[in-house]
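Shown next, in structure tokens, is the structure this report addresses.
Each chain carries a letter (A, B, C and D) given by its place in the written order, and its residues are counted from 1.
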Amino acid sequence: MEPILYKVFGAVVTIILAFVVGMTYMGLSRKITARVQNRVGPPVYQNFLDALKLISKKTAIHHGIMQMMGPAFFMVTSIGSLMFIPVLNDGRFFSNLNFEGDLVFLLYLMVFGPLGMALGAGQTGNPNSAIGVTRGLSQMVGFEIPWVMALVALMIQYDTTSIVGLMEAQSASGTWLVFSSPFAFIAAVLAMLGMFRYSPFDIVGAPTELASGPVAENGGKYLFTMMSSNSIFAFVKLTLYVDLFLGGADNLIELLIKTFAIYLIPMLYGLVSPRYRTEQAVRYFWGWPLFFGFLAIMYAVVF
Amino acid sequence: MVGSPVLFIAIPLLAAFIIPLLGMIWKESVRILPGLVLVYLLTLSINLLGYVLDNGPIIEIIAGWTPPWGINLVFSAFSGFLVTLMLFLGLLVWIYSYRFKRNVDFEPAKKYFILLMMLITGSVGIVLTGDIFNQFVFIEIVGISAYALTAFYTGRDSAEASFKYLIMGSLSAGFLLLAIVILYSQLGTLNMADIARNIHTVKPVYKITALIFFIVGLGIEAEMFPLNGWAPDVYSQAPGPVGAAFAGIVVKSGVYAIIRIVYTIFDIEGAFDFLVIIGLITLLFAETAAIKQIRMKRMLAYSSIGQMGLVLVAFGIGTEAGVFAALFLMFNHAIIKSLLFYAGSYLVFNSKEKYINDVSGLGKSMPITSFLFALGAFAIVGLPPFAGFWSKLYFLIAAADSGMIMIIALILIVSIVEIVYYFRVVNKIYFSKKEAHVVPQRPTFNALFSMIVLGLIVIIIGFFPDLITGILHDASRDLMDKTDYINNVLSITH
Amino acid sequence: MMNDKNSQKIVDIIQNYARLHSLFVLAYGTGCGAIEIPPTMTSRYDAERFGIRGAATPRQADVLLITGYLTTKTLKRVIRVYEQMQDPKYVIGFGSCTINGGMYWDSYNTIKVLDKYLPVDVYINGCMPRPEAVIAGFVKLQSLIREGKAEGAKLYKDNLEQYRENQKKVIPNWVMPEYNW
Amino acid sequence: MEMIHLILIIFLGGAVLTYFAGKVNDILRDALFILSILVPAILFFTNVNPESYIDLSIAGFNMKWGITHFGWIFSLIVLGLGVIVSFYAVSFMKGRDKVGSFYFNFILSIGAMLGILLSQDFVSFFIFWEIMTWSSYLMVVYNGNQVQKIGIKYFVFSAVGAYAMLMAIVITHSITGSFLITDLIAVFPQLSNQMHILIPILFLIGFGVKSAMMPLHVWAPGAYSNTPMAYTSVFSGALSKMGVYGMVLIMITLISHIPEGHWFREVIAWMGAFTAVLGTLWAVAQDDAKKLLAYSSVAQLGYIITGVAIGTELAMLSALFLSILHALFKGTLFMAVGAIEKQTGTSNFTEVSGLIRKMPWTFLASLMAIIALAGIPPLGGFVGKWMLYESLINSNHYILVIMIFFSSTAAFLYCYKFLFGFFLGQEEKEWAHVKEAPALMVVPMIILAAGTFILGAYPGLILSPIDAGMQAIGFEATQGHYWEMSVILNQWGDQVVLQPIVYAIFAIFLFFFLFLFFKSRKNTRYVTTKDISSSGEVPLEHENLTFSQNFFQPFLRAVEPVMRRQIDKYYNEFGRGLEAIFDFGRRIYTGNGQTYAIYVIIFVIILLFFKNNLFG
């Protein structure tokens, strides 16, 4: 009985950590954006305040049961995928519920979130939400392909489909996958741009065109759930990248540094980019990223 | 021995002459008498067939001259089977056309049944006789009665069709006579067995020329491409039952004649390949022509031509399995095509132009006829569990065993074409909207009866093919060994 | 525990702190004053310092900013939007027009006194008020929230009939779902 | 009386009796219909035990009937789906015309499918195959006039397949002299090289048509979408699996003599992958639910074909698992469409919307089925997909992995379209009257949907029989043997391992759902879908705000280059060419007596001219 409790406790702590880190990163991104635009910008903890405010809204509305299920689905995705990702290399404390992460499992779990949210958005009956959803799903189909190609390249190269296996391979060879399979990294990073939905890929929730798209009808508690699960999800993705390409992290500090380093890429890229139309975005992902993906697979097959 | 093969020729011929006389006494007898005759002959032939299967063929000598001088009739398993089939179909034709419409007046009925009797006489004679000149005579009998029957509905089109048939028929007669003359000049005998015995002494030039003339002459009867131009018009113009009779009886006798010539009389290997080739060509052109038809009976006519082509191919395979498949095909074709003609001619009964479109939506108003037609269509394209499937399967196996893979492919492709045009009709019958101007014609009871009998046979043979395969095996074996035939015929004395 | 006074007070303090530091403003330009919002938000005056940011839909917004004059036609939409917002919600009257009609004081199709139709928490006068003034207004609102005095929504709920009466006066064909809070 | 005979006779007799009972009394007819599927199913699963055969001889062909362990898996699909759908069908067909023929064909096709599984020799296999084909054809043309072309198309394609198969069969017979499948398998290795290729290709055509493989799939969308939905769930769920069954049985057992990675396998695998991709894209483009599901069936069968073609133990396992699962969720979805069509009278996304509150149970079933289809853990679909990926990666088919993954990601699009189009979105006034479908239609859906869920949590339930069946056709035991690449799968067979994940996921879901549900419950109001933030406007009753016209336009724009080419066009061209040739054939018969006479003369001359070549 003890290990289960231990695991659950570890899981809870992991979730809290993910939440805090994710929120902080979001705040940091706002801050950095502001500084780039030569503003002071909000405090780093601004997002916590927003979350607290949202959850302390007095009233709420709902258009039907799915509107409540949608955010819950999204949360399941975030936390569930968090459960499958080794946060620290030999982390005794941050041990998660699963046994060893499996990439394919994770891939599917991660695409479930958008679908759940889409269902939630659909129930509200707001046309803007539906339009945003279709855009989001189309874009997802776009960036999943290079992302999967990168992962497949890794799987081929190290003959394992488990994250832990990949991490062990890195620690064994002593070099990070960034260097040992660079093309896969490039493809994955390009896919990540789409994954974080920063501009130029933020047409999903275009604020003035679609009135923030899928979340148009959701305020208060719904928005809070989405926001927090979004931040957890961000943490998940970053950790996954770190685990896959940067050899994981031995302690929290390293983790934070590496994740933030990764996080800067889509953020800064977004700062200087305009917005793509959906088909442009999809075509973008099926251009160079795909090429790099193929390159990565070739590379993996050859070596 | 229960009876003599002579009766098969004598009785119907006699009946044909008696019918008008009796008609003066009692009008109804004109209709009844043929039926009685056919029933008697059918039972007789069945008995004889049973006898033959047990102990050897029956050779009947006419007018006391022993072969090779006299004329002789051969009732073997092969010919006996065909005779039985023909008589059975003839009986069904009689039942079907006993009252084709509610009320037919006396004169046409008289003519009709006389001609029908003569038709049956001739066809049976062709199958039974063992003497080529005699066969020629019977072919002429068949021809004459067939021309008359074609023109039965005295109208412009039927007259034209009949005239075409006449032209072709006389051509065929001419060629046959030439062939016979050549053989006689070489061998000085007309008896098939005798010819078969001495054929190897004839110079190839004469032999082949004779064979060619035979093939051309008989090919016209047997609807061989390109000699079958008469067939579509005749089938579409002649009355429905007559069409069935042609498909079931006349053509069968023509095919029989060809087979007898090729298998028994001549000893030319190339003939078999020739049969295969010509059969394939017939099949191809007939089916491709059939798919473009817009008239019901023409479509059926072309399809029956195609079937005949298939039969020729099967005979051309030359193995016993091939002959077996061919006989099975002939049997199925006789049954199913008759069914289709019967049902089809009622479906388009009241439409003037006999267009296929006129059958649209009749499934509701005449359910049984439509069902039987659909059944026939399913069976003839060879869908299990109906009769047509087995013959097709046997045929394919026989072909495969002798390594004709390309031919199999070709035939299967063609039968897809067949599927298309038959299913079009079935779809129209069941799933289309009814044409306004068409008034459905309810079939008479006797017609319905004969159709249902055929339908039952189709289904029963489909589920229990063993009922028929035994006799077919015997028949094919009988056809295969010609020495036996020769000896049987020539050894006879009295 | 919820009905325990002190803890309730503590909770309120915390929540109010969060509320006042994250004000989602519904970017709904009703009048000419909307031109003053971009400078307020962007680099020069950077309202985001105070946690003020735009929200796209009333479901997410806290503050309804009435930027300038309201034609009767617009009023209907504004009321609709306000009723779709979720408690706690605040209204800022922006510019003189919302106070007394301003330069449209004798116009036939603008409403003069916004307070008769919606519960205004803070007025920002001036025509136009400059971004500093806008920000000052927001700061005022924040201080009100901190003290728990920004009870506009409660006011609206309590004497809804009166508001409705006034609204129906200027809006002839009244088709709107009931406000059931 | 052998039990197998009895079962088949019950099917046949039941079909006929049901048809004629319709003339007497409807209740009697329905009862007979259900019984004549239920009774044989019960008899089959109770009294027929695998690997026990009976011999019989018809028309000189030795036949051998009996069920293998492998066939047993598929009999599970056929009979299970058949029984459940039969209940649905009774309620679905209430008050339609031609019910009798519908029941007749329904029973007959179920019986024929079982017959296919039972027959261990090619003759009876082919017979049952053809019966299945024409009975399903009669279902396709059930709707009458406007679907004749579709019906003909379906039947012609089926006939092409069937005849290719027949050709292979007779060739086999001419070589081996026997029709038993086992004999062919035994003899196959000694055959000549050309036979090694010819026979499998012919069989492949035969089975590829039924399982809607890439170049041969064009019949599928029309046929699937035009049959009565009650049958379509069997059509797409079970009948198409007969193609898969045949493929596995023939291809794999034959090809297992050809080394893995042989070009033949590669070709099939690629065909399967292309089928998956294109099928998915076309499914996304559809606006009609039936068509959408039809194309998606094509795509799903693409996965299965790929798995079969790869042919490693794991691939086979996944293919079979997917087949069963596809039967479950596609059956559910087609039934749901049927229910919606019955209640609203249309199956078009652009017309109907916002049914979730009207037909909640249908929605629940569809939701579960869709989640399974999309292959999202923890529901069943994921397990199969997962194993497929593993096997593809194991056997170094990397591009195939990408293609399959692409199609299964793009599948989300049409999954969402299905759910949104019918159930979500604005609740329009014209659909206010819609009620939930009758219980007899809802319960089967729910049962099947629950099946997908159970298979997700306890895949061992079905994987172990599949494993047994695969060992029966000569594969190694797969229990936990092939899956060291993904550790969760290690003890796949037993349920203990997956449960924590499933439970955890559901715990999280439940927690947050309840949180959202009960948080400030008092102050959470329900508002209609008209009450949305549309820039202050109040949408009136007649204003339709649902977004359903060209739903995925941007995506379709992105993939437009691929969609531009349709295979249908080529077939049509081919058909037109044939027509021209046929016309030529017709023209030969001019109907002119002189011409015919001339033909005769020419014929004679030709013969005399070539006599030595012909007869010499």
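The definition used in the following text is that contacts are C-beta pairs under 8 Å (C-beta built on N, C-alpha and C of every residue); 3 or more make two chains touch, one makes a residue touch a chain.
On a predicted model such as this, the values are computed, not experimentally measured, just so you know.
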| item | value |
| --- | --- |
| Partner chains that subunit A and subunit D have in common | C |
| Chain with minimal offset from the mean of all protein Cα atoms | D |
| Per Cα centroids, the chain farthest from subunit D | C |
| A-C against C-D, pair bridged by the larger set of C-beta contacts | A-C |
| Euclidean distance of C-alpha centroids - subunit A vs subunit C, Å | 36 |
| CA centroid of subunit A to CA centroid of subunit B, Å | 80 |
| Separation of subunit C from subunit D, taking each centre as the mean of its C-alpha atoms, in whole Å | 59 |
| Where subunit B and subunit C are represented by their mean Cα positions, the distance between them in whole Å | 99 |
| Multi-chain contact residues (two or more partners), subunit C | 57, 59, 87, 181 |
| Numbers and ranges of subunit A residues touching at least 2 other chains | 57-61, 211, 216-217, 220 |
| Junction residues of subunit D, two or more chains touched | 523, 525, 527-528, 530-531, 533, 535 |
| Chains that touch, pairwise | A-C, A-D, B-D, C-D |
| Interface residues, subunit A side, partner subunit C - complex | 30, 34, 37-43, 46, 49-50, 52-53, 56-61, 207-208, 210-212, 215-220, 223 |
| Touch list for subunit C against partner subunit A, complex | 14-15, 17-19, 21-22, 27, 42-43, 46, 48-49, 51, 53-57, 59-62, 86-88, 181 |
| Residue ranges of subunit D touching subunit A (in the complex, touch as defined) | 354, 356-357, 367, 374-377, 382, 385-386, 389-390, 393, 396, 398-399, 401-402, 405-406, 409-410, 412-413, 415-416, 419-420, 424-427, 485-488, 497, 500-501, 504-505, 508-509, 512-513, 515-517, 519-520, 523-535, 545-547, 551-552, 554-555, 557-559 |
| Of all residues in subunit D, those that touch subunit C in their complex | 523, 525, 527-528, 530-531, 533, 535-538, 540 |
| In the complex with subunit B, residue positions of subunit D that touch it | 58-60, 123, 126-127, 130-131, 134, 141, 144-145, 147-148, 151-152, 155-156, 159-160, 163-164, 166-167, 170-171, 173-174, 581-586, 588-591, 593, 595-597, 599-600, 602-604, 607-608, 611-612, 614-616 |
